[in-house]
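So, here's a batch of structures to check.
Look for subunit A in each of the two complexes below; its partner is subunit B in the first and subunit C in the second.
This part shows the complex of A and B:
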């Protein structure tokens, strides 16, 4: 057991150091990430402006909201989604796994007493931790500048707890979901296109593009059943009080269920895949 | 002997097409994915226009006008991605690996040689889709009895002219960006950076024309890096959000766009040459 912990610890340290090499680039990159939000702020400003003018003239849309979102909520939503994505997005994971399978590098996990998924997870945790360490400053700065968009201020403590929990779960969900797609590489050697389709679906269905309440009724109901919404929409909606009370706890339970489902699925895919795998050459 | 630039360009185009066709599945998937992005974007604005009558008060960007704008953005995006994007990335790579040496040795203008070798045909369908959206929205607009759209075929050359200006500006921005990799050693963030910059031209510029920060953004992206006029001016030619005849500022901005295209092309040429002077190959 102690040896095992030592192994993980070493992986962890290596990954941390790997990441700290490019910290300057990193901080700049994080700030750049908010640039699209800037255009979003102006776009929605222009839209809500027209709505409130129409409202003053007694036209449709009596309360100046879009699907229950005030202007501030809308901007706050986009900001919070960036936080969700900071937890749930796994750049290069699918590709990495598929590449290892294709190139045969995966063999090292078959002969060493190290679990591939565990190893990758440790690396991700390390990378994410370094990311938060460096990104907290730019994030805090941007959120402080944008504090007026958070119309209702901080949510109550129980909501905060659910918010943080859902973020942590979204990390695990994102990891195992993308790992599953990568592991499909045991069956199809080329999963780049699959990853592409996933990215596309994810952008729309996770609520990264816009709040899911904006989707028309039947599609919205369907999207609510999918796991994607926990990768971006759910934590943000909880924070903004769009999902509250019992509904919030049910949502959290469903998120846990999805996470467990993908953990098990990743295990199954790994075991089946390894059985199927044949390594050639070097 | 003068090399025939046209023939070289056509050979590049043919080679790229052959290359694209040898990975046909990949080609189709690329087409599908870029079209899906566009359709998703379209869907978002369809939803938005169920809640609002226009984007920006008094700006005239109502639904059909805006979709002409969106179509124009797709057309320009597709031109840039088809002809320039892959090449700019390749240029950064040539610098990093030192393979630029071979390009410098060839008896043809180096900027031409690095600008066009790879034509990404898979990005072209998006532009066709954009043209379709423009035509469709124009028909809708001319059937709208509340609007008095004055349109004749004479507008087409003007539209194409400003689209060309836009493409030239985008090309120049890209060459400047990728030339920086000569000084920086490598520019991994080229695509990301391009994505962030183009974010600004995807919406009518009126949305920025309010508040101090907005005006600063508008000024920067009109006069320093002139990317707002890339999409706004051609779209205005067809959509005429404020009707005809054009207001004085619209005319001025249109004249400025043509000037900006020339200036940015000259500037990019200058930066490119300067950058080449600092090139010190690599490894070997």
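This part shows the complex of A and C:
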């Protein structure tokens, strides 16, 4: 057990060193993350502008809200989604696993007494930590500039705890979900289209594109059962007080359940995949 | 249930019985139409990569696998290292069935592939070594000692801190070898470890492997296309072709068995004798005053005495034909067999459909 911990710890340090080789493009990359959001903020600014003009003319919608979001909430939502996605998005994971399978590099994990998913997870944790370390500054800057959009200020402490927990869980959920898609490579070899479908679904159903309250009723209820919303919407909605009380804790429980589900699924896919791989090729 | 009793020192390190492995390969005709057809209806061809191999390797042996590309050498190494499962047959390495992939087994062997990189590309080799230390659970002091020994032997100590991507191919290969040997494996599989290396680096690695093997008595299986590697290292050579063992014995045996001829070079005293001999059967080349020809092993004495009786000769050299040539003859013979078997098989069975 201690030996295994040492393995992961060494692997963790090595992954950090490896990451620091490429520190150069980090800063720029982080700031660029906010650019697409800027266009969304402008779009919503225009929409809210129309609403307030209508209000001035005495039409309905007395609060100037859309699905319960004031303009400030909407901007704050997008900023928080960026935070969620800094935890849950796993650039290159699916591709990487599928490539390893296709190129045969995956053999390494059959030959050496070391676990592939454990390696990838350790590596990902290390990479994310390096990323947070470097991204904290630009993130803080943007949030400070945008502080007036957070109309209600900081949420209470219990909500903060759930917020942080759900972020950490969204990291695990995103990791194992994308790992599962990559492991499908044992059967299909090429998972690009699968990854693309996942990306589209994720974009629409995780709340990355817009708050999930905007989805029409029946679809919204359906999406509520899916794991996607935990990758972006859920932490942001918790922070903004859109989900509170019992509903919040049930949501957290469901997130834990989905995470466990994908951890188990990834294990099963790995074992089946290896069996298939060693039976058919190599 | 175990088929054999647990491994003891007296047992062979590797024991393979009736091992078979075949692949299904997707057959695609050329052209777009065929590609579209392939979406709905695929034709597969069965490729027998390894058929019915029997092999026993004793503890501490250094065995070469020799064979043309696609002969089944790498497939055999993959079976032995547990990367793939066989279709039938049994195999025990150090008392373990490789494809069960038990950690106890995985800690006792190494596989080095000349064409694959196992080190961390952007990091110095010493970081990859450190990781291997923990993966294989090598105690710190032992690890340091082994590492220093190996880097010293291969003369790469000064390169330990350099990112692997900045090393030359030869230097990288040396690092790969070190990474594979840090946990002192009892069995080592080397798949073309000197491929693409220059003569100096090749030689250095040969010397290293020889010294290492003599010292540690590690059981080593090596595949290579360089006859020099094999001549320098292995007493025992296993020729694999078409997935079956063609020959198993010493290098000299190969020449005895597969080449019935010797090569004779005569240095004649005067040019007229050269002219007179230019119609000799089995003539290889004339470079007056030298003349080179092949003679059946059994006829060497008679042919020479005939020539000596009527011509004056300054010098006589009788040699075995070059090993490369003999091996290449064996390979082409095997290839002819394969083509014949293939056409027979194609006639008797149609391709499988799924």
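As a working rule, the second predicted complex is superposed on the first by the 277 of 282 C-alpha atoms of A that agree within 3 Å, B and C clash if a C-alpha of one lies under 4 Å from a C-alpha of the other, contacts with A are read in each partner's own complex, and residues count from 1 in each chain.
In this section, contacts are C-beta pairs under 8 Å (C-beta built on N, C-alpha and C of every residue); 3 or more make two chains touch, one makes a residue touch a chain.
Source: prediction; values computed, not measured.
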Looking at the combined model built on subunit A, do subunit B and subunit C fit side by side or clash? fit
Per the contact definition in the header, classify A:204: touching subunit B only (first), subunit C only (second), both, or neither. first
Quick one: classify A:214 as touching subunit B (first), subunit C (second), both or neither. first
Once chain A of both complexes is superposed, is A:7 in touch with subunit B (first), subunit C (second), both, or neither? second
In the superposed arrangement, which partner chain does A:32 touch: subunit B (first), subunit C (second), both, or neither? first
Once the two structures are placed together by chain A, how many degrees is the angle at subunit A between subunit B and subunit C, based on Cα centres and rounded to a multiple of 10? 90
Quick one: classify A:17 as touching subunit B (first), subunit C (second), both or neither. second
Applying the touch criterion given at the start, work out whether A:113 contacts subunit B, subunit C, both or neither, answering first, second, both or neither. second
Give, as a whole number of angstrom, the minimum Cα separation of subunit B and subunit C in the superposed three-chain arrangement. 6
Touching both subunit B and subunit C, residues of subunit A: none
In the complex, subunit A residues that touch subunit C: 3, 6-7, 9-11, 14, 17-18, 21, 104-105, 107-108, 110-114, 277-282
Residue numbers of subunit B touching subunit A in their complex, please. 25-26, 29, 33, 36-37, 40, 44, 47-48, 51-57, 59, 189, 192-193, 196, 199-200, 202-203, 206-208, 210, 214, 217
Report the residues of subunit A in contact with subunit B in the complex, numbered from low to high. 29, 32, 35-36, 38-39, 42-43, 45-51, 53-54, 61, 66-67, 193, 196-197, 200, 203-204, 209-210, 214-216
In the complex with subunit A, residue positions of subunit C that touch it: 23-24, 78, 81-85, 99, 101, 103, 106-107, 110-111, 116, 118, 120, 122-123, 127-128, 130-131, 133-137, 163
